[in-house]
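You will see subunit A twice below: alongside subunit B first, and alongside subunit C after that.
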Partner chain A sequence: MSAVAAKPQAGGAINPTAMAVGVVLLIIILGACWYVSPNLGLTALIGVIVGGVLIGFGTHFVPVGGAPAAMGQAPGIATGVAMLAAGAGLAGLFGGAWAAELGTTVAVITGGIGGGLMMAITCMMVNFVYVFGMGIPAASGKVLHDPITGDSQAEYKSQGTEGHGLPFVSFVGGVIGGILAGAGGTLIYLALLDLYKATFPTMMGATHAQVLPVAVSVAGMFAVALFLVNAVLTAYNITGTIEGPHDPKFKRWPRAIVASAVASALCGFVAILIVVKLPM
Partner chain B sequence: MENIVFGIGITALTGALATVAGSAEDTESNIGSQGDPNSQVQLAPQMGFLHRIFNKAVAGEPPAYGLWCALGAGLAWAFMAMQVNAILAIVLGCILAVFVQGVYATTAYLGRTASLAKFGQPVYVDIIKSMTTVTMAHAFIAIFCTVALCQLINGALGHPFPLPLLALIWGIALGAAGSATGNPYYGKERQYQNQKFGAGVPISASGNIVRYAEAGERNSIDNGFFTHKIGGSASGICFGLIVFLEIWRTILFERIYAGWGAIAVGVLMILIFTVIDRYIEVWARKNYGPYTVAKEADA
Partner chain C sequence: MSVKIEVIAGGVPHDKIMIAGLVSTIVCIYLTYLNAFTNTQMFSFFGGLAVVAALIWGSHTIKVLCSYGIGTGVPSAGMIAFGSGIIAMLLATKFGMLAPIVALVLAAVIGLILGYVSNSILNMKIPAMVQALTEMAVVGAFTVMGFAAMISGGFTFTGLTTSTATFLGFPITSYANSFIGGGLIAVAFLLGAIAIQHPFNACLGPGWKQDRMLMLTAECGFLSMIVAAVMSFALISAGSALISLIVAIIGWLYTYTRFFEMSKRDAAAWLDSKPIPDTEGH
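Entry: the complex of A and B
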């Protein structure tokens, strides 16, 4: 087939075989975890997987315009997908970890709100710079009308560009993305912290109070690492830039959910294996 | 009560440090063209526009600042474990981290510019000599302020994460906030100063960056001077608000209803920023107006 005759690749098609392989891999990893640690380990792994999926899904909401946005050539925030999601989610993790002693529910919601707040401030400041620093109004390149406010978009795009700034739907998408990413990161941290707090005293022959700083540090490092794994994985799914939930690329999220679940399961399993004795 | 007053004082100090860090980070990245606008600095020689702009972008700002801040904090932590005074330890740690940043900046400029040899872009040794130290100075301010605020959060406010992990987290957040807010101002307003004000850069103009100044060729210190006034200040306010409000709501309201008070205040603040954002958007639409008539655009 010549290049001319080849079908254009949308890049967003869902491959059922790959999805099925992903689900099978996920089940195998869960089974392996159940075999080595049926109670504590499996509970922690499920927490890690749910957290990873939340990060992967949340990253799709974050409006990222990359290099074109830095020249006012495309809407979104002028930075990378993974980096912005990581910045917001880690700010959430910071708050969530602080609230860990108040219980899982409060800590996860606190983490989510921390991520959402970071994104709300950042998105507001982005529009501030566009409007008051550069004299450019916000306009979407993907829809004719903002799905939330109904504002028309096309006539506010300057000549030769695909839009610029953050229309309201992108702002809302950014906040939702920050909330999901922050909550996901905190959930991973709490799942691993509970596991390490329970297993480190026996493993190290020390008291709970002595192992707590080590448990917090190791769980925190794994949470940051898993965060970056899921954010980068999702960035590959988005391929470059995305305007938010109204962007056609948003429909690719099922792929990222499966990929994030498998990647989180594998990484989480490694995080569990460092404290669990293998049944020989 | 004393604890709360002490906490508010520390919170205010961290907010101030974060504001300075954000501002210095954006200026440093603009002098080094490290944000997304680096694509234009790299593209310009390929389009026939040779320039004397410094370009040290081989990583995004968030991972780069995550590395430098974690490095500075890790070394400071080690010095503190050796019973060195905390302030001196942070200064020493940050100085060592800045040397890594200097090596990074030098090799990045040489590598990126050498790759453009086939388009006739020279590697200017005087640029390395004059620009690298300026970016290092700004990087020191950004890293020092970030590590210092992490030390305050860890030591004075009692956050459970160790200092290097906190610095990694806030370093990444610093890079994310700085690049998000500051990049458009450098990319559009400075690099494309020859384009119309109040409009995005047409895609057809890509690569045609401004290369000449009032006298002679434009250099990156001029860019830092220009962008610091709005892009740098906005980045500083952005990161300062993030750090201040996140800690402020925790310190003051976390004890109310076992953590739900801080959550409620967080939601309220998100709603307030949403209203402000919407106001800015509507204000721009009303005052600047559309570029074309609506019917034509829809067609």
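Entry: the complex of A and C
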């Protein structure tokens, strides 16, 4: 096995056949869900898919730097997508879950604010560490001028690096990404919680109040699982690192939308099958 | 972005580890079913052994996948493994006795589709991707199921969501005091996810040795098993939980000692440094 020959060729190109297969797969799963549970199940699945796509799209905004950023050789937050998205998304998810009783709209917005706040704090502290701890200015390596402030970047960029620190546009991207991902995670949780709250009492032969802990736990666990799946798929799409919305890699988002939709539909369908009476 | 490529030949072939891991995991999970036959909870510790077997297989799969330099860090592989695995595992628990087999099939299907999505739709083009994600979803499902069997004494949906508590001398059914209802599943999820991604993340590099990494995996597995055994005191009888705890501690001590020996063996030089001496006399 020669790994050198098999070096990953992941690029920006879109594979039209695979995209078509993905869309067909999505329609098949939606059809299967309509077949087994036309009302409650399909509503929940659509909520899950929308939430999953929000997570997948939102993660593209988050400035993920990875190991090079930790050494000050690339811009972004110095950790991987899985950690960042899990942090922002779960902060949002927990925020939204607290507000679940106040209705879907309030809860989703709360989830978004939770995720955005978490990312804003992270981005700010990261820049504190970069500027005052490591002594490096914030400079993007991908663009000459910051798209929002118009500040020139090239003068501040050290030679031999791809930029460093967290420029303003990356900061804004991080907050937008946190808002989208937090809202998406909350949406998945709420969609599944509503389904389980409605179906668990009859399925388990218990009262509404008795099954609530189980419903909350299963819905929460599925939301976390779907979150991680979507975040990692997005990480694969951007091959690990991205600077923010101004990065050329950001243009790969259509692939991630299809991928997230298929993955969320698949996982969401399995989550819905739990409450469907299966022939045994 | 730099791509790290390291494929190191030698050691036990991956297929062998995969088959051994699969068989021993399924056997160990089914051995916890002795609980139902003998009407005790003494055999719950087999769930923990299933976890260790599954983790050893899973960490080697991660090694196969991450040798290609996927660019997202090793932990992400562990996270997607458990994200997809726990979904399959939760549905599979509904099938009673068949749960491990259903978990295997369902997780493999989910992993296969996720592998196709990442390899073709996201254009990753990594040869090992589809197989690795399939295997890892199965490993994730088995690990959480092993923890479930170990902590609650069974792996059926009813057993995982209910428990019988005694209130004023009368047995009542409690939903909050259970593996799923009590949220113990979230702890099991992360215990497994950390244990599966850590070994390769810690051992990768030019000095990678297969036996050392797998021993570290077993050590991480037993360490998680200790935590799971402590949690199992809440749901199964104290004696059974104590057996799990003792098995876990013995396993951990053995694997930790062995891992330490292997680390010394592979180190360039080993100097047993003493604590800093008090030369100033204060």
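Quick notes on this one:
One rule holds for everything that comes next: the second predicted complex is superposed on the first by the 267 of 280 C-alpha atoms of A that agree within 3 Å, B and C clash if a C-alpha of one lies under 4 Å from a C-alpha of the other, contacts with A are read in each partner's own complex, and residues count from 1 in each chain.
Here, a contact is a pair of C-beta atoms (placed from the backbone, for glycine too) under 8 Å apart; a residue touches a chain by one contact, two chains touch by 3 or more.
No experiment lies behind these values; they were computed from the predicted model shown.
Overlay on subunit A: subunit B and subunit C clash in the combined arrangement. Once the two complexes are laid over each other on the shared chain, residue contacts for A:A70 go to subunit B alone; subunit C is not touched. In the superposition on chain A, A:L266 makes contact with subunit C only, not with subunit B. After overlaying the two complexes on the shared chain, residue contacts for A:I27 are found with neither subunit B nor subunit C. Of the two partner chains, subunit B and subunit C are each touched by A:V224.
Residue contacts after overlaying the shared chain place A:V232 against subunit C, while subunit B stays out of touching range. Once the two complexes are overlaid on the shared chain, A:G240 sits against subunit C while remaining clear of subunit B. In the superposition on chain A, A:M83 makes contact with both subunit B and subunit C. In the superposition on chain A, contact is made by A:V211 with subunit C only, not with subunit B.
Note on the chain A alignment: of 5-13, 167-175 or 185-193, the part of subunit C that runs into subunit B is 185-193. Residues 66-68, 80, 83, 86, 213, 217, 220-221, 224 of subunit A lie in contact with subunit B in one complex and with subunit C in the other.
Looking at the complex, you find that subunit B touches subunit A at residues 35-40, 60-63, 159-162, 165-166, 168-170, 172-173, 175-177, 179-189, 191-192, 197-206, 230-231, 234-235, 237-238, 241-242, 245-246, 250, 254, 258-260, 262-263, 266-267, 269-270, 273-274, 276-278, 280-281, 283-285, 288, 290-294, 296-298. By the touch criterion stated above, subunit A contacts subunit C in their complex at residues 1-4, 6-11, 13-15, 17-19, 21-22, 25, 66-68, 74, 80-83, 86, 204, 206, 210-211, 213-214, 217-218, 220-222, 224-229, 231-233, 235-237, 239-241, 255-256, 258-259, 262-263, 266-267, 270-271, 273-274, 278, 280.
Chain contact summary for the complex, subunit A toward subunit B: residues 66-73, 77-80, 83-84, 86-88, 90-91, 93-95, 97-100, 102-103, 106-107, 109-110, 113-114, 116-118, 120-138, 144, 149, 151-152, 154-168, 171-172, 175, 213, 216-217, 220-221, 224.
Residues of subunit C that touch subunit A in their complex: 1-3, 5-7, 67-73, 75-77, 79-80, 82-84, 86-88, 90-91, 94-95, 106, 110, 113-114, 116-118, 120-127, 157-158, 161-162, 173, 175-176, 178, 180-183, 185-186, 189.
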